[in-house]
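Chain lettering (A, B, C and D) follows the sequence in which the chains are written, and residue indices restart at 1 in each chain.
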Amino acid sequence: MKPDENLKVALYQNLVKARELEEQMTKLAGFHAGVGEEAVVVGAFFGLKDGEYCAPHYRGALTAAHMRGADLHRLIASVMGKATSYTRGRVRGDICLPFQFRTLGMFSGVLGNPMNIATGMALASKQRGDGTAVVTSFGEGTSNIGGFHEALNLAACLSLPIVYVCQNNGYAMSTRSDYSIKTGSVADRAVGYGIPGIEVDGNDVIAVFEAVQTALERARAGQGPTLIDARTYRLSGHYTGDNNHYQPSEEREAWIARDPVARLRADLAASGIMDEARMDEIRSAAHAEVAAAIAAAQADPEADLSALGPDDLYCPDDAERASA
Amino acid sequence: MTQMTFQEAVVAAIVEEMDRDPTVFNMGQDIGPIYMGAMHSAKGLSEKYGADRIIDTPISETAMTGAGIGAAICGMRPIVQIMFAEFLGMTITPLACEASAMWYKSDGQISVPLVIRVLCGAGPHRGHAEDYIGIVSSVPGIKVVMPSCPADAKGLMTAAIRDNNPVIFFEHMGIYHGPRQEVPGEAVAIPLGKADVKREGADVTIVATGMMVQRAQRAADKLAAEGTSVEIIDPRTIVPLDIETVLASVRKTRRLVVVTESWRTGDPLSDMVSRVAEELGAEGPLPIARVALQDTARPFALPLTRASMPDLKDIIDAVHKVTKVQK
Amino acid sequence: MTQMTFQEAVVAAIVEEMDRDPTVFNMGQDIGPIYMGAMHSAKGLSEKYGADRIIDTPISETAMTGAGIGAAICGMRPIVQIMFAEFLGMTITPLACEASAMWYKSDGQISVPLVIRVLCGAGPHRGHAEDYIGIVSSVPGIKVVMPSCPADAKGLMTAAIRDNNPVIFFEHMGIYHGPRQEVPGEAVAIPLGKADVKREGADVTIVATGMMVQRAQRAADKLAAEGTSVEIIDPRTIVPLDIETVLASVRKTRRLVVVTESWRTGDPLSDMVSRVAEELGAEGPLPIARVALQDTARPFALPLTRASMPDLKDIIDAVHKVTKVQK
Amino acid sequence: MKPDENLKVALYQNLVKARELEEQMTKLAGFHAGVGEEAVVVGAFFGLKDGEYCAPHYRGALTAAHMRGADLHRLIASVMGKATSYTRGRVRGDICLPFQFRTLGMFSGVLGNPMNIATGMALASKQRGDGTAVVTSFGEGTSNIGGFHEALNLAACLSLPIVYVCQNNGYAMSTRSDYSIKTGSVADRAVGYGIPGIEVDGNDVIAVFEAVQTALERARAGQGPTLIDARTYRLSGHYTGDNNHYQPSEEREAWIARDPVARLRADLAASGIMDEARMDEIRSAAHAEVAAAIAAAQADPEADLSALGPDDLYCPDDAERASA
């Protein structure tokens, strides 16, 4: 699907809001921002149909959930564990998302689980036979976990409707991807599963979007999974407290020169879709929206002890089902 | 009523639920028409439901479990067969870190109606006896079921499939193809979390699980001849445990013997013993004895295997030990 | 004697052992010179020993553990850092199914001198608090250590590295960068399997682990003011447990309170409580109370996190409950 | 290393003994024989140096241990759990081997563990810096487990001296390899780790031997791991009770025609290294040796309760070390 003008405008709107979110949130203690990686997140999760499920990588998760309909203020309140959090403060909202928007997060801090669970979400699609597909994303460091291998192989064997997007930002904490992945390419791993492995410029939101849409079409048509290796770069630290001093400055400069937001802006301006003034306006609006959401969340009350449990450890029986 | 082996009873329950609920499906290694599951644990299912609902998978227990969770949270009711309980370690990260917590942490947005079937226990196979029940019982939010007879196997499987939480269902190989016994002909769920008093008695309470329930029965017969009246409780659901039924019994007998085929180290029934001691120990003498698997890896040669497991004599000795104490 | 934080004490023990034994090496994610381990758990090691003995690995906890086992059985003494205890599920298959059984099953041909380091517990990180201690404590053959202060951390790490068995070493984040305390300046191993009586008392025994030892101390101070004399035992090694020291204390006090930051479900100290009840319960009233983590997944928001954990009041209430019972 | 005549004779001797072992042992209840796969086992484990470690696949494990010096009679007694077992009956000797011969088995029934442990054995080689290398083998079904992925990636990143040999026999229990591995090739998976992935005819013992030796030389020289995909076929059932009715008869016939023993015989005869009579003699001797070992093991006493434990759950302290 070639993006038309409206779509490009929408991508820009999402991309700048994502940038604002990452930049403003990274000022909060302990946040794992993904400044520089927004094009992968927006490109991967923009085009899903309402009935479809997804499971985004923890870095960029808020953007993905917001694109699927979650409220920015409540998402941020969830990061802070406020009473207005989507779970009344029960789960950390930075990595765990409100599932009512068909968007899965991590219920623990263990990387790799979401890929396996997303694979089962795709299995449910297949069992229902309703032509829906699933998109999940993960870091390149996560692709070294055994669960990655098992998930992709299972999806390949059962021809499941799922798109695996690697948000390949060059680092896993301080570990360079060329240390933990000898070829440097996550796409190469698709060879072993007999599925397409596609490298894409992760700082080009349109390229990511197109690659994911093509893979989604394959998936929805029953042709099985695709692995997309979206190359990008983490300009922020691993988390707020990390000053990423380990990134060589020439490397950083090179990636800053390829900034995904600047790139889309240049494209939009050059093709006459929007002028600089209009784009600035959108950016200012996004800035204000995020700032307001953070301020509102900060003003919210702390989580209330009524949310504690433990009387609801288990999901109760479904009355008809149990007695049928 | 009809007559079934343990294995037949489990499969019968699955068939009943698959017939009435199109969202139930099975996934596992070699459960298809050729192999029909290890020890014929999926016999007949593939012929009846085909490869769409009886799905063969590569050897990848973590992905199978994760996929089961993913399908469950999207409206399906998967039954994942992890061939042997020995492989539960590979399921524990998705189960313990994600599935167990989803309902609570999502504040009720996500339920995980998933059943994990596993074979366990000393049986005809000369391996794979480990149940690793301690591993899966040590995280809140997962239900753990271990039936001791065909009727319970059927009713508990019915309940497990209908339950909205992750349930691990242990199928003991030592009683799997045992004698056929009466089971209800139609679907009757046995509620999870309800213990069963398998035998009423006055002098001592034996809590036993799985294959050990039969052994406890045999011991009780012998003890009855000596004049000791034994009450036997089978928790059936190990987590959550029906502590009330146990407490009621021990309140009456004030003597407790626990018989499991698990290691003491990490045996989930330790917590039960602890609760009994907390609730009733302050009131007066409360003799307690445990009979468990030898606290080493399970030895292989048959004489060693046997000697490492609780036998009739061990159970009777334990009862003697607690009845020695006068009330 | 010298002054160290918990974190410094652990690293100091590793340095001492690495200096005297060239077979000791470390493997983990981000333990190299750039990151020096999560929470600086490997601070200074890489500068001192270089990348050959402080090995950074990809994110692959199962392989790291398996590789640790393999290196250990071939004459090395690896220390594998699994960043957080929350990831122990990924280590359990190689640890429980292989490493734990090798010495026994090989009839003494294979020893596995392996240390697994993990961070755990509620602390400055707003996550990764789960210790999953029940998972690793439910299979015989693995030793489990949880120090509660810098001196114990140092001596126990020394012993863990010298031990010929797989040892899981829990480092509590809530006390990791706490105040510096006295620790021996040279290497002195604290034997694994020996509990420490942290405070002597006559009226009630508190068994506490990890960060809960400090809380128990604070509770004991308050209770002393009320005239209740509390004995505090820190098992230090959770498996194998020094039951003798606990029994000796409870024989004296005949009242037991257990305080852990684990879930009751699967808390390895359940087995200890059970053993105490088995050994001493028949002799007369034996009041027991437990204070544990709330039996749900750990909630996130600070007020909820705090409320879900044992606090001073919970401990004092539990002591009141058991002291209410007259001897 | 090109095998010379002596080496070919030795390979033949080992190959026929392996065949005898598999054929005779498969008559015992519950044995997992590998009739037809012997060339992979012999070729993989024949050329190791004394100081080197290995970890063979469970199918064919006895042959590997025997080639490394373990006594046939005691190996078989270990399968039966007799008192003369290498562990006095503590462990099942069909899949678990006496480590005194630097040959690791499985201490549980869980596939995949040995690959990770063998990787650590290679790490020990690297730490010692003594130029030794490790060979491990595993089934193609096992290559779907996450541990495979993690092990190979770790070995690749650390450039460990290890050779991974896939004993690719077409089936995992009843599951065909073309069902569980979409491309049918395990060698393809090496691409994702940036290491050589080599396909070799697993019914040609000389080809397997040469491929493994080449990989061992690379490994010993510090050039890292190799993955060898040795294609063979399981002519026996998964275990004694399995009649492998699921194998299409044309498929079986084709593989029987490529029998590894017959093939080496033909080669040896054609090149004049040994005549048929000599080869028959070797085969008869092997037959008798295996039969005698089985008979001796059968006559051995059952395991004695003195072996039970549990007082030796833990390995005791090393006195000097603990007090140092």
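Here is the rule we use: a residue touches a chain if its C-beta (ideal position, glycine included) is under 8 Å from a C-beta of that chain, and two chains touch if they have at least 3 such contacts.
Each chain and its UniProt protein: A, D = Pyruvate dehydrogenase E1 component alpha subunit; B, C = Pyruvate dehydrogenase E1 component beta subunit.
If you're wondering where the values come from, they're calculated on a predicted model, not measured in any experiment.
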**Report entry** Interface copy of A-C among C-D, A-B or B-D, judged by whether over half of the contact pairs recur
**Finding:** B-D
Requested in this report: For the pairs A-B and B-D, output the one whose chains share more C-beta pairs in contact.
Outcome: A-B
Report summary line: Distance in whole angstrom between the CA centres of chain B and chain C is 30
Query raised in the report: When the C-alpha atoms of chain C and chain D are each averaged to a single point, how far apart are the two points in Å?
Result: 40
Query raised in the report: If you average the CA atoms of chain B and of chain D, how far apart do the two points sit, in angstrom?
Result: 36
Report task. Could you tell me which residues belong to chain B and also touch two or more other chains? Result -> 57-58, 60, 62-63, 86-87, 89-90, 93, 97, 101, 104-105, 130, 140-141, 295-297, 299-300
Report summary line: Multi-chain contacts in chain A, i.e. residues touching at least two other chains, fall at 88, 90-91, 107-108, 110, 112, 144-147, 149-150, 153, 157, 179-181, 307, 309-310, 313
Query raised in the report: Where on chain D is chain B touching in the complex?
Result: 30, 81-82, 85, 88-93, 95, 107-112, 141-142, 144-146, 172-175, 179-181, 245-246, 302-305, 307-310, 313
Query raised in the report: In the complex formed with chain C, which residues of chain D make contact?
Result: 53, 86-88, 90-91, 96, 98-100, 104, 106-108, 110, 112-113, 115-125, 127-128, 146-147, 149-151, 153-154, 157-158, 307, 309-310, 312-318, 321-322, 324
**Report entry** Interfacial residue positions of chain A with respect to chain D in the complex
**Finding:** 144-150, 153, 156-157, 179-183, 188-195
Report summary line: chain C residues touching chain B in their complex are 86-87, 89-90, 92-93, 96-97, 100-101, 104-105, 130, 132, 134-135, 137-141, 239, 263-268, 270-271, 273-274, 276-278, 281-290, 295-297, 299-300, 322, 325
**Report entry** Footprint of chain A on chain B - complex, ascending
**Finding:** 20, 23, 25, 27, 52-53, 55, 57-58, 60, 62-76, 78, 93-94, 97-98, 101-112, 140-141, 143, 159, 162-165, 187, 189, 240
